[in-house]
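First the structure, which I've put down as structure tokens, then a few questions once you've had a look.
Letters A, B, C, D and E mark the chains in the order given here, with residues in each chain numbered from 1 onward.
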Amino acid sequence: MSYESKRHFPGDARLIAENLACIRGGRVVFEGLDFGVAGGEALIVTGRNGAGKSSLLRQIAGLVDIAEGRIALEGGDTELTLPEQTHYVGHLDALKAAMSVRETALFWSGYLGGGGIDDALERLDLGDLVDLPVAYLSAGQRRRLALARLLLAPRPVWLLDEPTVALDRASVARLVVLMEAHLADGGIIVAATHQDLGLGGARSLVLGAPQGGFADLHQDASA
Amino acid sequence: MMRAFHMLVARDTRLAIRVGGGAGMAVFFFLTVVSIVPLGIGPNLKLLASIAPGMLWVALLLSALLTLDRLFQADYEDGSLDLLMTGALPLEFVAAAKAFSHWLTTGLPLVVAAPLLGLLLNLDTEDFGPLVLAMLVGTPALSFLGGIGAALTVSIRRGGLLASLLVIPFYIPVLIFGVGAAGGGGVSAVPGAGGQSLLLLGAVSLVSLVLGPVASAAALRANLR
Amino acid sequence: MTAMSDLTASQRLQAFANPARFMALSDRLLPACAVVTCLLLAAGLYLSLFVSPADYQQGETVRIMYIHVPSAWLAMFGYMVMAGASAVALVFRHPLADIAAKSAAPIGAAFTFLALVTGSLWGRPMWGTWWVWDARLTSMLILFFLYLGYMALWATIEEPVRAGRAAAVLALVGSINVPIIHYSVVWWNTLHQPASVFRIDGPAIASSMLMPLGVMALGFTLFFVTLLLVRMRAEIFRRRVRVLRLARTER
Amino acid sequence: MMRAFHMLVARDTRLAIRVGGGAGMAVFFFLTVVSIVPLGIGPNLKLLASIAPGMLWVALLLSALLTLDRLFQADYEDGSLDLLMTGALPLEFVAAAKAFSHWLTTGLPLVVAAPLLGLLLNLDTEDFGPLVLAMLVGTPALSFLGGIGAALTVSIRRGGLLASLLVIPFYIPVLIFGVGAAGGGGVSAVPGAGGQSLLLLGAVSLVSLVLGPVASAAALRANLR
Amino acid sequence: MSYESKRHFPGDARLIAENLACIRGGRVVFEGLDFGVAGGEALIVTGRNGAGKSSLLRQIAGLVDIAEGRIALEGGDTELTLPEQTHYVGHLDALKAAMSVRETALFWSGYLGGGGIDDALERLDLGDLVDLPVAYLSAGQRRRLALARLLLAPRPVWLLDEPTVALDRASVARLVVLMEAHLADGGIIVAATHQDLGLGGARSLVLGAPQGGFADLHQDASA
């Protein structure tokens, strides 16, 4: 399957969350959260440390239990679960020190059912590093390799948890270009970040302090 | 999906060979473990021969335990497991793939090396057949059952201790039948006991091939979310 | 090696990948070594196979000794070389010592293996079994393990500098332990009366056997040196290639 | 500096108990090895008793190996080792502290468990004393020598197998003298050999108390930079 | 030893690097580097990914070999080695999931020979989290705990490798305050970062691409 072929996602796809709640370590992180992101739209999630940004992204990726409410990709591929339609790039790089850059890319492309890797590596300026073992990469180079996964297999929903960490200015610009291209293809992006990406026409979601949560928790504990 | 499975097996095997030394290392390991036994219990050849099968099984158990705890944990710690879960491959198959490649790099080498080790322990050459057969049948069980323990240990917050206590009991039947099937019944071996325990060993192995991945997947889900 | 300090980093990297003096020297030395080795081995084999008498009680099998004993000696010699080179590498940080240690290991291991195989081949007719847990056999086996461990460490840590230092530490610790191990094994073996009927150090060697044995030993030693040089050169080339490959990956 | 040492020992011990499952895993493995042996050689009690000390020591070695790889690796992977190195405590003492807490969580429990296992192997009760004494003297050597292997393989994920390979040869004197001191000379034990080997065992232990940390520190430096 | 006691560092201390070179994985990362940072000064190290920022910091902390040249803290405590006078906060958090925030702080304070922990935790706004296991912390909360180490024991030289990673705006501001306080005490800061900290009167060092090393190599290969 060639790389270009499946690039265009159904424009009418829509990622929605209804009355969403998240409980971690026995504490309510957030609740009653509602949002919808249409194809071609980006949602920038902000909030202070501990507000629940990562938790939200992991819920969408199916990596954290949904305490209450629902998340769905309306108009998405009905054969696939939501997690199977998402790319999740989190705080952890998911890289193996003992594998070379090329091997890493080849594995993920194969595992995620993608195509060629050269284009993806080029677009993240990893072209010169393909033969290096990951152990030799600097923090930013590792990060770029993690981000390259986004391009290895086309998936409509991108979940980016502080994607710019450790990236130099040039790489940040490069990333923004990729994100805009993805949106132009009708893709959906949910990104948690502390620094402004300067992404055109992005909606924003601010997560608040999880104070309220404790009260409720006590109530339903007593109930 | 089959492709994803293959990719995963290939990757894990390659990693095991690179970072863990893989097959060669495993064989060498068994060699050393086996050769410290005589130093412990003395160079009495008859005695050595009689406990040879038991020692080989214990060596295998050790190498399994030494490598299993990192089976999922490495992937968990660097976040790979998260991504493996968002892939199209069901978690059960992920677990199976990992257990399988683990067997390739620990179980299989031992089976191959067993005769050589038998030689060191002065095992009669006619006992080699049963021994190798028993190991071929039994070793997969160690990898697939071990996967459960590995999955339980994956997010070591409190569960670590409990989990390690859980793995070994799983292994006991394999060891018992394995030693029996390898003709290690010693003096008191009931004639035909070998064949019988070989069957039982096979049964355990088959069960573990299914039980292992399913239980591992469940444990992983429980740990990740 | 003291001159290393007043080079720039890239020059030192260069020296690391390309110790010119050694290459030139070994280039001239190698052919000579090879020739002499061949001559000695040929002579030794002739003496031991045809000239020297068969042992009255062991028969023709005694001829295995002419391979067995020298290789056993070189097995130990090899470890000494390895440990010595490691010490130099660790103290003076000289890349060549590093390379020498790495190259010596497989050769020593090979001779150890040879001693083990010939030994047990010899043991079969003598003791009626391939292997007994005799003190000397056991300590030889452990020496073999030490070699393999050393090589395994080199193989798994793939960055040469790191691997080199780690391996050097292992070799040195090993050299401290070897005598302890050897002694303990002997002690263990005398605790249990050895299971072997035949004492290895059995026949007082007749002079008619001593001569060929000496020639063979000398030949083996030179053989060792030759192999060492070859391997060291190969290793140096390998590192040069590696550095270039890495260099090419940067703009 | 003494304070730093204590803090480190306390922390590692706590972590091992909470997380590693070190002690539990080791003891259970210990139990398994010991309970496998009778399977091998059949229920010949006299024979069992004669090789009991040897088997216990072999089991001890193997279970010590199980816990080695996490000794430094966890700290290496999460960056703690970097900071431990910038502390005022010399790396040699860091290594010593870790080896010591490793002994607290593996060696010590096994010493305590030994008599129970002796019962399983039908060891005469008057042999318990020498056995426990020998283990008490010998087990520290296992942790401190083991530290060397762990330090050498610290930068290798799944280094467990390799680490064991590297240290097993170093364990051999401990094993031999340990068995001797435990009166496990077998049938042919020279009278008085027990006491002598206890001395030798002590000597080996003392050497390892120095050699271990020094070599471990050197190995860590080699790996970190 | 109380926490306040040793706060003031000798103003005349000076961290210098002369003709410094770094080789990693058989490649020259940088060479011929010279700089000096006086007490009360901060040096901000910038450069593209892979330029050698982290390597430089680790060299100062004694965690990477100095291929050539020297680093020294002139006028520092002569009893102590340079690493013993530095706090290094790198890409890795050095946190144990199984320990609580308090336990972590207590351990490091004890190990580094510091005093009480409450003040440090307060100043990084970890006060409400003291009893949580580290496993429960969010990325930013982990980062703040890692940074708290700076205050647990007073040391003249701070080495900060992208300290603002995962920190929300409030925490970044808080960190800057701490850094300025340290400088005011006559401390030295060397920080590698991609985003501007807005630190008053900081000197800057830009690491370039490691060309130099390879030219030579090619020559010797052809030679």
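The working rule: a contact is a pair of C-beta atoms (placed from the backbone, for glycine too) under 8 Å apart; a residue touches a chain by one contact, two chains touch by 3 or more.
Since the structure is predicted, the reported quantities are computational estimates derived from the model, not experimental observations.
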**Request:** Kindly list the shared contact partners of chain B and chain E, in label order.
**Result:** A, C, D
**Asked** If you fit chain B onto chain D using only Cα atoms, how far does it have to rotate, to the nearest 5°?
**Response** 175
**Request:** Would you identify the chain whose Cα-based centre sits farthest away from the centre of chain C?
**Result:** A
**Message:** On a CA-centroid basis, which chain has its centre farthest from chain D's?
**Reply:** A
**Asked** Which whole number of Å gives the spacing of the CA centres of chain A and chain E?
**Response** 30
**Asked** Cα centroid separation between chain C and chain E, in whole Å?
**Response** 46
**Asked** So how far apart, in whole Å, are chain A and chain C when each is placed at the average of its C-alpha atoms?
**Response** 55
**Request:** Provide the C-alpha centroid distance between chain C and chain D, rounded to the nearest whole angstrom.
**Result:** 31
**Request:** Spell out, as numbers or ranges, the residues of chain D touching 2 or more other chains.
**Result:** 18-19, 156-157, 159, 162, 165, 168-169, 172, 176, 185-186, 188, 225
**Request:** Give the residues of chain E that touch two or more other chains, as numbers and ranges in rising order.
**Result:** 25, 65, 91, 97-98
**Contacts with two or more other chains, residues of chain C listed in rising order** = 142, 145, 148, 152, 156, 159, 185, 188, 192, 246, 250-251
**Request:** Give every residue of chain E touching chain A within the complex, in rising order.
**Result:** 24-25, 47-50, 54, 91, 132, 136-141, 143-144, 162, 165-172, 194-195
**Request:** Note which residues of chain C are touching chain A in the complex, please.
**Result:** 158-159, 245-246, 249-251
**Asked** Where on chain C does chain D make contact in their complex?
**Response** 90, 142, 145-146, 148-149, 152-153, 156-157, 162, 165-166, 168-170, 172-174, 176-177, 180-181, 183-185, 187-188, 190-193
**Prompt:** Residues of chain C touching chain E in their complex?
**Reply:** 7-14, 16-18, 159-161, 239-240, 242-244, 246-247, 250-251
**Item:** In the complex with chain D, residue positions of chain E that touch it
**Value:** 58, 61-65, 80, 83-84, 86-88, 90-99, 103, 107-108, 110-113, 149
